[in-house]
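Chain lettering (A, B, C, D and E) follows the sequence in which the chains are written, and residue indices restart at 1 in each chain.
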Amino acid sequence: EKVHLAVASNFTGPAKQLAETFQRTSGHKAVLSFGSTGKLYAQIIHGAPFDIFLAADAERPSRLVFDGLALEESLFTYAVGRLALYSPTLRTSTALRNKLESGDFQRLAIANPKTAPYGLAAEELLGNLKINTKGKLVFGENIAQTYQFVASGNADLGLVAAAQLKASDSAGWMVPETLHAPIRQQAVLLNRGKDNPAARAFLAFLRSDPAGKMIRSFGYGLGEG
Amino acid sequence: MNFLSAKLKGRLQDFTLDAAFEIPASGITALFGPSGCGKTTILRCLAGLERLDGYVRLKDDVWQDQGYFRPPHKRAIGYVFQEASLFPHMTVKQNLSYGMANPDKVHLHETADLLGVRELLDRIPDRLSGGERQRVAIGRALLSKPDILLMDEPLSALDRAAKTAIIPYLERLHAGLSIPVLYVSHDHSEVERLADHMLVMDKGRVISNGPLDEMLTDCSLPLASSREATSILEAEITGFDDKNVISLLTVKGATLQVPGALGPVNSRCRLRIAASDVSLASTHPSQTTILNVLPARILAVHDLGNAQFNILCALGDEDGGRILARISRLSLARFGFETGQDIFVQIKGVSMV
Amino acid sequence: MWETIRITLQLAAVTTIILLVLGTPLAWWLARSSAWWKEAVAALVALPLVLPPTVLGFYLLIAMSPSSPLGQLAISLTGQSLPFTFAGLVIGSVFYSLPFVVQPIRNAFEAIGERPLEVAATLRASPWKRFFTIALPLARPGFLTGAVLGFAHTVGEFGVVLMIGGNIPGETKVLSIAIYDHVEALEYDQAHLISAGMLVFAFLVILAMMVLEKKLRRGPAHGGRS
Amino acid sequence: MWETIRITLQLAAVTTIILLVLGTPLAWWLARSSAWWKEAVAALVALPLVLPPTVLGFYLLIAMSPSSPLGQLAISLTGQSLPFTFAGLVIGSVFYSLPFVVQPIRNAFEAIGERPLEVAATLRASPWKRFFTIALPLARPGFLTGAVLGFAHTVGEFGVVLMIGGNIPGETKVLSIAIYDHVEALEYDQAHLISAGMLVFAFLVILAMMVLEKKLRRGPAHGGRS
Amino acid sequence: MNFLSAKLKGRLQDFTLDAAFEIPASGITALFGPSGCGKTTILRCLAGLERLDGYVRLKDDVWQDQGYFRPPHKRAIGYVFQEASLFPHMTVKQNLSYGMANPDKVHLHETADLLGVRELLDRIPDRLSGGERQRVAIGRALLSKPDILLMDEPLSALDRAAKTAIIPYLERLHAGLSIPVLYVSHDHSEVERLADHMLVMDKGRVISNGPLDEMLTDCSLPLASSREATSILEAEITGFDDKNVISLLTVKGATLQVPGALGPVNSRCRLRIAASDVSLASTHPSQTTILNVLPARILAVHDLGNAQFNILCALGDEDGGRILARISRLSLARFGFETGQDIFVQIKGVSMV
């Protein structure tokens, strides 16, 4: 059997690895389509042939349930995203944090709060730290773009996903979870996948310990259940 | 019998065309008139490229009438445009065969030879001289086997030698296939040589229309008073003087001697006599190299207003062939020619057309 | 990977062909009609350009969704709805790239002028013959430009494809999306590799087309006299 | 909102003007040169099309970063690096839309042929005068097409702008991104509203340009005899 | 004194041009030759539109030489192309003033009047007739005040009336401004009327080059044997017969009577006498309307091979003006004319050119 997953782009790396293991152990086939959460949502409500949606937030999956396109009982948090402050030139957490709090920077890259959960979290963090960023913010369409702004040296600081630093072996300041609401990335089983055994199997696999380990290894936290 | 009859009326900006005319079923009809008088416009209307009010009928076929208009590609015309207008993306050969229903290589090569473009068959139009382009355009129109040919100054870019090669071809064409030709030309000698009929235009109107010989000697038309005024006589070859290489040609009212072997005895031909080549004498002159000194009667004397006169004569008596003579006021005064008088015409130059 | 390359080339080729087939009569009509509203149609054709591709894709998605009239039609005809299929991608790409094809061809048709067509008509060429033997060959530079822009644009097209294609491997995932995915996933090495490959390939294809066209053309731009 | 509209129009206008200014000599050279490598240049110009805009933006971002030669140059000249500025946006858009402007103009130049320029030369017109009084006016349809495609494409341009602009309200946030944001944020009503407004506005602008051009042109397509 | 001298050699595909020639500082030089012989190519080389090997020099100015090539816009030429080639995006007025250094409305209007295009000033070329386009092209070249005019069959699309209006203008132009003109034409009468010199081409080579009168009567050239063979005489008006409206014209060796007031007494003019208008008599004929019967001496007898002969005569004695007579073999046999014999020439038609 074949399961078709719509995966939020920030989860691209882990999803690929998860799918590989899943295919090996279950004998089912997992097909992955990546996109931003908003785009995937729009596609799903217009008939996209996905069985499972791995979103970057909790809002879209709930809306799908509300729209009657997904099964409420299948909702769960498969990963918790964390913000990290990143600059290619600064290696230590303290240096990074000091720079942010002193306001001594030209450009701070964050994801667009309107479209990306990481952006919302970043905004919350900046509010909590009371940092004046007037005229200094640049917005990435999503968290990957935000990372590129910083990595290319065009922004001196950026609030990116902890998972990205892990993936690129970079150092950064892991923002404490107290400074922003956790980014709960939820998965949901779509109507289309209701009777697909492979879909049920994948969701079960996603909740399994080996999967959790894998997700953690990419820098995500795990949900409460 | 009229082959084509048309009545066209309409405006192009400041220009108004208002012409009604007929074209006979065979022969070449010259369309004559000053620049900008509407000649091209008439051809375009006949071809269906321009639509003015009126009708165009070809034999029992209607091409245009109140509310009906046949598109150009359904009219069996051949049109040689005023500018050669070859297809720039095709070779000469492709241009020539474009309008051929079933491309016939022999026929194409024949035509190309005749027009002197055989060597150019693989050239593109961009690399031809002006005259070469025009010749290809003529060939292209001819090869489409039209029922009527519309030719807008087709020979204007050609030298005499090329013309001399092409004109007999056109003549043969119209003699053999007897398709009518409407032929725009400014060249008097071309018209005399080729045309059987003539349509004279001015300012968008057809001011005169008839057989060539009548039109040429009609003193009310501008043609007879122009410098090139000529008469045309239909003749029969009635003898040949081997020793002196002189042909005897009989026209109405006289027999003329013309140097050269003009054709087989008993065949017919057309003679052209320039008014300025004709002089008059009251008595028979002797000791002159002028071959043809013939009795004639004066039909009319016409003052051209510039110290010159046109004298219209008939060879023999009133019914003879008409000949126009151009003489000076001085001569007229000295000899006192008047209508009805019997005189001698001396014809210096006779040429076969 | 090969799947993706195949789909990309197939999409670009099919789209370009459809664009030429649809664009040609449209361009011809725009070049020759004297309808007063034809410039409005011309402006309409150019309009999809003004929307960001993803947004355009979003509207196309809505227009083609199974509940829309168009979607219903597609389902009743083919048993399948259009989005997330290759056919849907083609429709989206055609829609988006149409102006790049129509405009150059229209200009080329207009540049021919009346005369060659008139001449052909007097040689008894029907409107069809005139179109195919005179108008088409004389408008060739416009077709080349239209094809190159249409092809390249479809290869690089991304927003529309992503939106209505759904990035499904083996079905609607094309190279542009693959590169994008790699960039998003911070897999820059793969992104660089595919990008470079695409650029080289596209450069060679476009160059070959242009040189071929030049060969076919009636001699050098200089020295002509017509 | 008004800020965003202003920036969008300003970006499209500035980009179109620069494209015409840069594209014209390039198109002229491509139309007239007999250098063997000119088709390679032509293919190069079309190349940016092949990359997805966001990917192209990504490479532009790298190319313009402060540590790159180009970035250093920009900083030493203006004291500022290019990304996230209006100037940077203009550069990216120019780069991306260049082929849509160059190709139609090149075709138009080629369609003129030798003759009018030769005639002008025999009337003592210098190469400059020939260019401005003969080549430019005769190539007008190509310029119109180039300008419309360039303008519309810049208005709808999004991937490149997003990448090197940084979506800064009042500085680099343009309408296309605003619509996109609304779509992503599920604010479909606002997205519909802005889209509709943009479409109507663009339709009117393009229509006006085309009608104006037609008025200026030398009479109707039909009935000419030249 | 030569104004322009050129030597050009090169190939265009199958065609090879290899021409060296000179053009005098004033007057009109006719460039004559069959279609495709290279006339247009020569004009293009002179204008700098085509580059072949060789040199082009204008007075003490070098336009082209080994390794040097002056671009067209730096050569003060006026070029009337074989096809009118008006700028399609400009009105007639804009076309006319394009080459004017300082647009002078009066001058422009004058020229437009003369060419009969005054009413068309605001038209676009698309809406002109063929002849109208050609006239505008002539005006445009003239108004650019060139040092030399190159004209490629400029009058071929024009009717006689339009030619008659334009030719005197060209004559005045060359008389008044004395700029040299190189004039391609197929029209014999145009050439006789306009040209002072003549350059005869064939297959890419200049086969003959000299003053018009010599070229016309040179029996080794094709011109003298053509149907339109003519002689040209330079004449002075020495009297006028008021009553009969006859002018007396003195040429070398004779005085002719020509109808009409040709100009003020003592002015000079050029006379054209067609060979076919000249007949010979061994004794003085009487009773003929031919005005001019003049004593002359035969210089040469030339067999044309078609039962016709060219007799070259000198009026009065050997030094008189040269006149070509075309007579038949029959006449020659009857009167037995031979070189050196004194005879009478009867000139039927004399026209001022």
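Please note the rule applied: a residue touches a chain if its C-beta (ideal position, glycine included) is under 8 Å from a C-beta of that chain, and two chains touch if they have at least 3 such contacts.
This structure is a prediction, so every number in the text was calculated from the model and none was measured.
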| item | value |
| --- | --- |
| Length of the shortest touching-chain route, subunit A through to subunit B | 2 |
| Per Cα centroids, the chain farthest from subunit B | A |
| Centre-to-centre distance between subunit E and subunit D (centres being mean Cα positions), rounded to whole Å | 56 |
| Rounded Å distance, subunit B centre to subunit D centre (Cα mean) | 60 |
| Geometric centre distance via CA averages, subunit D-subunit C, whole Å | 19 |
| Multi-chain contact residues (two or more partners), subunit B | 40, 127 |
| Contacts with two or more other chains, residues of subunit D listed in rising order | 54, 58, 115, 180, 183, 223-226 |
| Interface hub residues of subunit A, defined as touching at least two other chains | 39, 42, 145, 148 |
| Subunit D residues touching subunit E - in the complex, by the definition given at the top | 115-116, 118-127, 130, 133-134, 137-138, 218-219, 224-226 |
| Residues of subunit A defined as touching subunit D within the complex | 36-39, 41-42, 60, 63, 107, 109, 112, 114-115, 137-141, 145, 148-149, 152-155 |
| Contacting residues of subunit E [partner subunit B, same complex] | 12-14, 33-36, 39-40, 82-83, 116, 119, 123, 127, 129-132, 135, 152-153, 156-162, 186-188, 226-228, 241, 244-246, 257, 259-261, 276-277, 279-283, 285-291, 306-308, 327-331, 333, 335, 346, 348-349, 351 |
| Subunit C to subunit D touching residues, read off their complex | 31-32, 34, 39-40, 42-44, 46-56, 58-59, 99-100, 103-104, 106-108, 110-111, 113-115, 141-142, 145, 148-149, 152-153, 155-159, 176-177, 179-180, 183, 191, 195, 198-199, 202-203, 206-207, 210-211, 214, 220-226 |
| In the complex with subunit C, residue positions of subunit A that touch it | 4, 6, 9, 12-13, 31-35, 39, 42-43, 46-50, 142, 144-145, 147-148, 164, 167-168 |
